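Order of writing sets the chain letters: A, B and C. Residues in each chain are counted from 1.
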Amino acid sequence: MASEAIPAKRIHSAAHDEEHHELPARVEPQVITAELIATTEAGRTRFRTLGWTLGILFLVGTIALAVKLVVDGGDQTQWGYTAATVAFIFSAFGGAPMVAIAPVLAKANWAKPLSRIAAIFSFASVITTLLMIPLILHLPPLVTEGARRRSIWFEGPDISPHFWSMVAMLTLIIAGLALFYSAALPDFAAMRDHSSGWKQRFGRIMARGWVGTTVQWRTMRMRIGMAGTFYFFTFVFVHFIISTDFGMSLVPGWRDAIFPMYHAISSIQAGLAVSVLAIWFARRYLKLEKYLHLDQFWSLSRLMFAFTLLWGYFFISAFIVFWYGRSSSDQMWIELLIRGPYIWAFLAGAFFIWFSPWWWLIWNRVRRSANGPAIGSALILIGLLLDRIRLYVAAWSVPPERIHERFLTEIPKTIWPDITDVLIFIGALAGCLLIVLMITRIIPMLSVWDVQNFNLLYRPINYMKTRAYLIAKPD
Amino acid sequence: MTLQREKRQFSWGMAVDVDKCTGCQACVLACQAENNIPLNTPERFERARVMSWIRVERYWEGEFPDIKARFIPIMCQHCENAPCEPVCPVFATYHNQEGMNVQVYNRCVGTRYCANGCPYMVRFFNYWEPVWPEALRNHLNPDVTVRSRGIMEKCSFCIQRIRRGVRKAERENRELLDGEIQTACSQACPTDALNFGNLADPESKVSKMKNDDRQYTLLPHLATDPNVVYLAKIDPEKAVKGGSSHG
Amino acid sequence: MQQRRTIDQIHTNRVLLNGQLDTPKWWAPTVIGLGFIVIIGFLVIGIMVNKGLGVTGLSRPVFWGLFITTFVFWVGISHAGIMISAILRLSQAEWRRPVTRAAELLTVFSLLTALLFPLMHAGRPWRIVYYILPYDFARGIYPNIRSPLIWDPVAISTYLTGSTLFLYIALLPDLGNLRDRTSGWQNALYTVLALGWRGNPRQWKLQTVGGILLSALMLPIFVSVHSIVSWDFAVTPAVEGWHSTIFAPYFVIGAVHSGVSAVVTMMALMRWLWKWEDFIRPEHFDALARLLIVVATGWLAFTFLELIFAVYGLDAPELALREMQIFQWPWWLLFVTFVLTGYVIPVGMWLQKRVRNNIALMFWSSIFVNIGMWLERFLIIVPGLARKTPFVYTWESYRPSGLEWFILFWSLTWVTFLMLLFARFFPLVPLFEQKESQTFGDSIKIGRARVPAILREAD
């Protein structure tokens, strides 16, 4: 950020007490390939324990979901926490691949080593999609007794929200797969060439004859660009659908044009947080300091800070309009979503997603470390969960018979989670992490070719009396 | 700023029985004369700059020949939660302690923001300096300010009459009687469709009308809490009950 | 695309200071001509204040019209400066360098112009002092801080102060440069203005730190200004189409769209008028056009959300408004023009590399954007008022009077006039930024290829 102008001397003194603040010495290309491919084998026992734990938790969550379907099936108001879980998982893990798109769309060199791990998180959409099925079963119909409720499907067929939300989620999975696979070809080829056993065979099949010709590289870059753009637009569209069909349109009188954007902004914020936590764990347990520098944490947390402020801005933009407008539906919005039954979720959520990361990440020293951004990320994720609970539990708690009112005249009571809600959340989270974990076993979690690329483009030099970098920006 | 209605000594309000309104426009004329409102020339109509603190809106219902004219008199609703008040940058319009939304001509700088904020369209802007024909100069009401150009004006519930009435009662050392104070429009109304009085007094005519079954307010979804209430039209054929602003 | 070009410092000095040291022949007649129009404009405004607002086309439902539209338009244009010089500075986009000063200047002058509009638009402008300054100490009556019309001048004047400081700090090295190259009264002027600039390391350090700090501090103000302008409208549930939560970010991104386009217009003019082909190069237009594609597409998404959630409620008055705005004559023509000129035509053009590198086409595309963006504001403000609330009895239309149109075009003249006047005394392209970019640009040899690279201090 401000690097070019802040006098070098000051920065040196400030940063010297931090660990590894200098760019590590360049790693030889062969070493990069060997070490990164080795990560898919590292820590077998630990991996096994973790995998089993997550698997069992996922199973417990599935059972809890089945129990809930039997117990609460048919009662819409009880499914708010499941909706919040879907929204949370989709927001957090669906937002992470945005980091993978950054180097393509904004020529952000620093994000290159992260592109793989960020793209892997798009696989979590599978869990989101599965968990959406019970929600779709409980979503009130568009037309009841001849009266049409407000929704974005104005004159569409009755099953529009149910059908299109599923289509959108499936498209998102496809987009995520495309994004992941289009950038994975060279690494599959590297596995083919540098490993043995089933991995080699698997790599050979997946690499699809990759040898790294100029044409192949050019095609691949183009594919990543297209898949990235496709993912981005699908991502925004799915946010639009989820936020309106599973949130806004369930509350009579909630008309909030900024809500889909607010949803997407907080999702990118959380996606950055997920990426930070992922590379923090990678550094800590897989010893990848050589490839994951503080520069990555620094850049990610800077963006996280910006998105934290944007969360506040988008929230205030909606709030001030409702608060000042004070028409009945405006007052209802404030009562239901802010100061009414979910004030605890609102206050705690705003504290964790906005206030605390704001005053934590504002410090350059915090940003320029590994633990600081990780703490900030944890705060943001907690805040996101609370924020989603506030929005979705409140929306689902509105009884279906009130859905046709012009605005909500009676605010429903707080709905607290029961044990199945908690287990479903834990199970879904475990399922997502399990998928991510499994994938890091079959392909290096840091993209080999991107790390190589990054090392080529970043060059520390001596400039006059100070040290400097030359950063290449190829087209 | 706003006091609870019950705690006030006076809380002026109006009850409009739409069923009785014949659309005769006597109220409009009376208001025009009482409050020194400039003449609405054809040119003003063309430019849509008509000033009329009270207006009788006319709507057609049904198709010819089975058609009915519906009338609804609309004046400043003197909302308790007036949308025009918070937006004025200079406090030229504010809520007084008698439940009225008042306009301070001296303070007004003419941003016209209040007029945008008002959903009932009852605020008027002086685009030109007002002029009266020579013959009418001496007919101006001395109790009412003549507004200059560049400021907003609106129905004041004939505040000059209210002040005079209250002072008179004080001087004579007695309680104010219900119906003693009449606004120009309610005085002129031949069918008693317009009724003015003190809403803080539960025995007053307007208070009783306010509790009528037919009672409704205009644009209730905006939660402006008006001090003007309407009593719905009784339609023998349809037996429609209140709630619509289209009378 | 960024080929490196080496331009030596003597050439830089000579060419970029030609406005001051070697004033072109067209300058004096142009400025006198524009000055004449400017004076007429002030006379017209004087007449309007003298006669009253009856001379405009405003009516009862349409209390705000072309003046407020133009106010929002100029506030929007003013977002160019901080977008270019602060955001791009913080994100270290190298291509911003030759544009920064012009963009900041546009900010300052367009804000000054924007401020004129609410002033002359008030019924009694001479009393507006009530409005901004706390007064009447005896009775303790202050301006109503609940009113968005109080937030407006606060935000705008803060933004104006900040932008002026920002502009001035960035001017210091060039003022020192000019002081050393002039004599007589000019020398005296620059000596005073340069504040003793000698270009020693400490001064450079302070100058850069000041710039960085101001960039960071100005960002929230930048966002707040247009948000507050949007809240002038959005807080009002009474007007259909205004009470939308999306207004703040929608206005801000629209402002960036129009502001950056205005910078493109200005760059093309500067390149043509002062013959700065060496410094304002096609790759700068290319980079700006790429940025604009992203901004414009984001803005389109907001426009889409604004429209869809207007209809979402399916309230009859709102539908009536949208029906008029999009389908009724003459509004539909404005709407179609707005969509075409605001997005379809310019973005369609920018998607082609040929256009991005063609200065004349870039100039016209940026003009299109600003026509579209002006119409956008007009279509937000006026139809909502004309179709206000369900009281169809009071629905009206609006036709701006000739005087209003004249003042709109006068404001364009006025900003151009101020720009040209400024350009006579101060360089429009920052010399030191230009030289710095020469120093920071480098290249890396990777394999057999040379890749352009940028020098960054180790931190």
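Throughout what follows, contacts are C-beta pairs under 8 Å (C-beta built on N, C-alpha and C of every residue); 3 or more make two chains touch, one makes a residue touch a chain.
All values reported here derive from a predicted model rather than from experimental measurement.
Asker: So, comparing each chain's Cα centre against the centre of all protein Cα atoms, which one is closest?
Answerer: C
Asker: With contacts defined as at the top, give the pair, A-B or B-C, that has more of them.
Answerer: Contact tally favours B-C.
Asker: If you average the Cα atoms of chain A and of chain C to get two centres, how far apart are those centres in Å?
Answerer: Averaging C-alpha atoms per chain gives centres 35 Å apart.
Asker: Just how far, in Å, is the C-alpha centre of chain B from the one of chain A?
Answerer: Chain centres of chain A and chain B, defined by C-alpha means, are spaced 56 Å apart.
Asker: How far is the middle of chain B from the middle of chain C, if each middle is the mean of its Cα atoms, in Å?
Answerer: Inter-chain centre distance comes to 44 Å.
Asker: Can you list every residue of chain B that touches 2 or more other chains, as numbers and ranges?
Answerer: In chain B, 86, 222 touch at least two other chains.
Asker: Touching two or more other chains, which residues of chain A qualify?
Answerer: 324, 326-327, 330
Asker: In chain C, which residues are in touch with two or more of the other chains?
Answerer: Expected reply: 235-237.
Asker: In their complex, what parts of chain C are in touch with chain B?
Answerer: Of all residues in chain C, those touching chain B are 51-54, 56, 58-64, 118, 121-125, 127-128, 130-131, 141, 143-144, 146-150, 232, 235-239, 385, 388-394, 396.
Asker: For the complex, give me every residue of chain A touching chain B.
Answerer: Touching chain B: residues 324, 326-331, 406-407 of chain A.
Asker: Under the definition above, what is the set of chain C residues touching chain A in their complex?
Answerer: 1-2, 90-92, 205, 208-209, 211-212, 216, 223, 227, 231, 234-237, 243-249, 301-302, 305-306, 308-314, 440, 442-444, 446, 451-459
Asker: Could you list, by residue number, the parts of chain A that touch chain C in their complex?
Answerer: 1-8, 11, 15, 22-23, 150-152, 154, 236, 240, 255-261, 313-314, 316-318, 320-322, 324-327, 330, 456-457, 459-460, 463, 466-475
Asker: Considering the complex alone, what residue numbers of chain B touch chain C?
Answerer: 47-50, 55, 57-59, 74, 83, 86-91, 107-113, 115-121, 124-129, 149-152, 219, 222, 245-246
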